[in-house]
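Below you'll find a set of structures to go through.
Heads up, the next two complexes both have chain A, just with different partners, chain B and then chain C.
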Partner chain A sequence: MLKNKSIAFKLIFFILLSSALIFSVMFGYDYWMSRNIILKKVRENAATLTSATVNRIQTVLTAAERTPKNTASFLASSHFSDHDLLNLLKNIVETTPEIYGAAIAFEPYLFDKNRLHYAPYYYKQGDSIKFTWLGGTDYQYHLFDWYLIPRVLGKAIWSEPYYDEGAGNIVMTTFSVPFYKELNGKRTFMGVVTADISLDWLQKLISNIRIYDHGYGFLISQTGSWITHPLQDLMMNETIFSTAEWRGDDQLRRIGRDMIQGGSDFILIRSLVYDQPHWIYYMPIPSNGWSVGVSIPQNELMADLNRLLRNLIIIAVLAVCFLFAGITVIAESITRPLRALVKVTKRVATGDLETPIPGADIGDEVGQLADAFVHMTHSLKSYIHNLTETTAAKERIESELKIAHDIQKGILPKIFPPYPEKKELDIYATLQPAKEVGGDFYDFYFVDDRHLCFTIGDVSGKGVPASLLMAVTTTLLKAKAGPNATPDQVLARVNSDLCEEQQSNMFVTAFFGILNIYSGQLTYCNAGHNLPYMLTKENGVVRFQKSKTLVLGVFDHFPYTTFESVLQPRECIFLYTDGVTEAMNIRSELFNEDRLESLLRQYASLPAKDLIEKVAQSVHVFESGAPQADDITIVAIRWNGSET
Partner chain B sequence: MHIKENKVGTVHVISLSGRLDAQNAPLLDNRTSTTISEGTTHIVLDMEKVDYISSSGLRAIVSIVKSCREKKGDCRIANLQPAVYNILELGGFENIIQIFESTETAVSSFRDR
Partner chain C sequence: MKPLLKWIVIALFLTAPVTGQPPLKKISFLPHWLPQAQFAGIYMAEDLNIFRQHGLEVTIQRGGPNEPPLPALMKGKVDLTSVFLFQGLEAAGRGKPLVNIAQIGQRAALMLVAKKTTGIEEPRDMAGMYLGVWQGFELLPLAFFKKYTIRMHLISAASPINLFLREGIAVTTAMRYNEYHTILASGLNADELVTFNFSDLGLDFPEDGLYCLADTYESRPDVCEAFTAAVLQGWRAAFAQPDRAIESVRRRMLAAHVPYSPAHQYWMLKRMQDIILPQEGNHTMGALKESDFLSVGNMLIETGAITTVPPFSAFYKGKKHAEK
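Presenting the complex of A and B:
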């Protein structure tokens, strides 16, 4: 993905990526730890607040419990008239601020044998104390919870909160204490002393709980009824379970269950009031099993932390921006000389070695690279300079040698017909040099008015040494030939001289012949050369006789042999070098003797020039596409007979 | 070009394979001139696996033959392929260099002196 991006891009990408990762991990950890610390603190605070509230309620409740309990004990142990009873009751209501109203309700006909209901009740209304008798046909108190439950259970109880619709339209709860007396030696239930507590103060106390901006308190009874809650509709109308039911809120149901069972916890729920996550802490009131809770909005808890995190992120973003700018500057400063170097190197690559290379004086790695480039261009310059000089020298030598070679070949006869006045002869020769300087040669000359010497040869190897040896050989051959010298003598002498003069083991193949142009008598000798052909009328194309032979120039004192033959008029001697038979086509096949012989048979009667051109053309066609490997030399001598 | 040397008694058998041309001839030249300078004078060139010989190759062989003969020894050739033999024969080399059908006969020819 990043392979083709610039160094600057890679640097920026990786450094910024890793910085962002480091920042994220640091801030994430910090946020998590801070959150836990805050939650711990909040839990402690909520617990303290709730516990203080519970204590305050408990204090009031305990105070409210004491008076009815004392009264119950008094009633159990004393004799009293109805006047005493009413005074006692009035006194309780007057002197106990927590108590809203108090009653002493007796069992039927127990206090007054004539009265089914005997229950005096004093209560506060405004600043005055009112009195009434409880009981009647429409209010048979013996059947009510506040009377029946303590009677059955035999212990004091707090009632569920309820609306008192009679006197003040206020929410109340009643503490009922049963009392007993020894009658006929038997402990007998006498009745119930009650004290009513207004929950007005309790509701005020709870609704005054303020924690953060939108935190609030709530209170539920031992059956789960909402006693106080910021939502007025819930109060005294619903229980925590019915609310959980219509909200479909299982968590609330579980919490409700835990609350009425006296549990205590700190837990995250969705607030009923604000529909946001709130942490709630709840705790039971010991004396009546009610439960006080406080609800704290999470976002307010975490507000400071979130603000801190936001600021940190802003700082981190700024830091990353700053880092980006810094890396960009550094990367730019690193890659600028590199880019300049690339630009210059491209120019150097196109051959402009004079381009000044920047940055070589800087000490860093880029500078070292530039310095290395400077050295490279210097070396290249001197190398090219040397190469140019060497090439020039080589070309000069080669061209001079080529000239020398051409001069040598120039010595060979090349004006045809060479002896226009000699009608007996039809001579033609060609030498087509290969690209490399080779060592083929041919020659012919008269040693007297009737004897024509002719020779063809090939110096082993190519190049300058071959060319030089060829020049020496042709000169020697001409020098050693004479009117009385036989071909074997000529070749033996040339061989001796070559063996003496050169130690390089280069050798020369040569065929040497002498033709008497009046008689057609032919003498010849071969020194390791391809045997020529004789184009005859009677026998067609025939090879010259094979003999014991050896190339010239390597072993002295070899006994060469001269052969004799007589030409018939119109017969033709065809001499060639191995450039003809070893010509190669693109499939690496050789031209070979078979092809040559078949050509010779086909064109045997043509004049020497036409014959040679046909053969040379065939060889060229054969090797078309492949480079000419060797000199191609052909000589044809036709004897027309002496009559003409 | 592959050159393998092997000593049979006093005779040094040099087995060649590949093309003995202008490119490879100097290799043979170097190897044999070292061998000869170390005192070897009896050499058999086993040419069984040589399928081509150029004038440079011939020169190298001539050079070995001459060097051996200068030290009263000789270099003899064995196992020539027909095409290679034709080239040697064309130049007349078979007239001054001893050529044998097999390496064994070439080696034993030295013992028969």
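Presenting the complex of A and C:
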């Protein structure tokens, strides 16, 4: 993905990514640790606050419990009159500030055999103390919780909170203590002493709990009823469980169960009031199993931390921006000369070696690279200079070779027919060099008015040296031939000169003949050359006689031998070099003597020129596609007889 | 008021006796308990003007523990009231001149509830244990004891639920639509409880019914029938528009300073639907089946509450149960 991106991009991408990661990890860890520390502190503070609240409530409840408990003990152990009872009760309500009202309710017919209900009740109303009798057909008090539950359980209880309409719609709870007496030797339940206490103060106490801006306290009863909660609709209407059901909040139900079972915990919930995460801490009131909770808004709890984190993030973003700018500058300082170098290199690649290369004066790696480029262009310039010189030299040599070729061609007879006045002769020759200048040669010339000397040869090797030696050889051959010289003498003299003068281990094959154009007498000598063919009438195509022979320029004083023969009119001498028979096709097959002889037989009667062209064409066809390996030289001399 | 509008109003007043409805017949009704969704149909009949549509002007009195319905009816403080079938039939069996004009509840919502920790698995396991019951409803557990031939310690209470929650009693009676939900809303989970529906115990005694004095019915049968029809229509409206019904209930509960919990009232309305329009069994909405009448009559005789059961036709004046 990043493969094709620029170095600057990669640098910026990886460094910024790494920095962002490092910042995230650092801040994340810092936030997490700080959060835990804050939560730990808040938990401790919430526990302290809740515990203090619980203690305050407990103190009031304990104080409220004391009087009815003492009264119950007194009733159990004493004899008392109607009057005593009412005074006692009135005194309780008068002297105990926590107690709103108090009753002593007896079992049916136990205090007074004539009265089903006997329950005097004193209660406060404003600043005065009022009295009433509880019980009647529409209020059978022994069926109600405040009486029935302590009777059945045999122990003092705090009732569930309730609205007391008579007392001005305030929330009350009643503490009921059963009392017993020995009757006929049997411990008998006599009734209960009750003390009503208003929960007004308790609601105010809890309502006044303020934690941060939106924290609050709440209180639930033993069955989960909301006694105090900021949501007025919940108070005394709902239980924590019905609220949980209504809101589909299972967590709230679990917390409620833990609360009414006397549990204590610090836990994150969604606030019922603000619909935001709140931490709540709750703990039970020992006396009555109610549970006090405080609810602390998490966002306010974490406000400082969040502010810190926000500032850190801003700093981090600024740092990353700064980093971005820094990396961009550095990356630019690296890549700008690189880009310039790329541009220059492209120009260098098109051949502009004079372009100045920037950045070589910088000391860093980029500078070194630029320096290397400077060296490279210098080397290239020097190389191109040399190459230009070499090419010029080569061109000169080639031009000289061309001249040599022309000279070589000039050496050879090239006007056909060479002796148009000599009707006895039909001569034709061709030389096709493999390279610009070849080693093959042929020649013919009259040494007197009747003797035609002719020669064909091949210098070992090719190119300029071969052509030079060829030029020497043809010159020598011409020089050494004379009216009285026999072919063996000519070749021996040439051989002697070549052996003497040339040191280059090159040699020359040559066939040298002299034809008397009037008699048809032929003398010839061979020096290591391919034996020519004689195209005769009687015997067809025959080769010249084979003899002991040696190439020229190898061994001085070799005894060359002259042979003699007589041509019949219209017979033809066919001379060639090994370029003909050793011509090779693409399958590496040689043209060979058989193929040549077959051609000669086929075209024996053709004029010399046509014969040579046929043979040359056949060799070309044979060679087609393959490069010409050697010079191809063919000479044909037909003697038409002296009479013609 | 603009002159034209004034004349239109005057014209309407003048034409009303000629073209309008006959005057509304006044009647009063006392529900047998405090306002709650148990009476949602009646409140809907009032709030949606269903009573008026039936030609009635109904005064609904505030019920509750301070106003027991049967004495109020006998004393003529109210024209119509609602009580359980066994209560109405017991009164009739004792010679009180009252008649049933509609049987609203078709099945029993009464149930027994105990904590699983008591080890109770079947009814007989409850033998010897303490059972809480509302004062005045003791006949129902007695019928249960008789049927299962067990004895339990019966504790009468104004409401036995707190006593049950504080484990003063092992078993409590509860109405499925009310106290059972109160127990759940006090922190006990359903899977921690073992329950027995009276309807499953072979004691499926229908409950809420509408009653009036025999005289009232004889002198104003059309009013009684119109009232029944309106109440049944009110119930159908309540089941069709539960939110509207609960709003009617809520308003009355707040006015009566009765704790209002939407979760509890919606639960109650749904359970009322279960017993007023049961999905199973052969029931006609608002009608008393003679078989139910007889089984409650037998229960009353067996428990010794009454000695004779009045004739069905004398006791029940409502619409006929239609056999399906």
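Basically, the second predicted complex is superposed on the first by the 549 of 644 C-alpha atoms of A that agree within 3 Å, B and C clash if a C-alpha of one lies under 4 Å from a C-alpha of the other, contacts with A are read in each partner's own complex, and residues count from 1 in each chain.
Assume a residue touches a chain if its C-beta (ideal position, glycine included) is under 8 Å from a C-beta of that chain, and two chains touch if they have at least 3 such contacts.
All values derive from a computational prediction rather than experimental measurement.
Contacts of A:L88 after superposition: neither chain B nor chain C is touched. In the superposition on chain A, contact is made by A:L550 with chain B only, not with chain C.
When the two structures are aligned on the shared chain, A:S460 is found in touch with chain B, with no touch to chain C. When both complexes are overlaid on chain A, the residue A:L476 reaches neither chain B nor chain C.
Residue contacts after overlaying the shared chain place A:N530 against chain B, while chain C stays out of touching range.
Taking chain A as the reference chain, the count of touched residues is higher for C when chain B and chain C are set side by side.
Of the two partner chains placed by the overlay, neither chain B nor chain C lies in contact with A:L599. In the superposed model, A:A510 lies in contact with neither chain B nor chain C. Residues common to the contacts of chain A with chain B and with chain C across the two structures: none.
The touching residues of chain C, counted against chain A in their complex, run 65-66, 68, 130, 135, 155-159, 162-163, 165-166, 168-169, 184-187, 189, 257, 259-264. Contact residues on chain A toward chain C in their complex (touch as defined above): 138, 140, 143-145, 148-149, 152-153, 157, 159-160, 163, 165, 169, 222-224, 236-243, 245-246, 253, 256-257, 260-261. Of all residues in chain B, only 22, 55-56, 58-59, 62-63, 66, 90-93, 95-96 touch chain A in the complex they form. Contact residues of chain A toward chain B in the complex are 460-461, 504-507, 509, 527-528, 530, 548-551, 554-555, 558.
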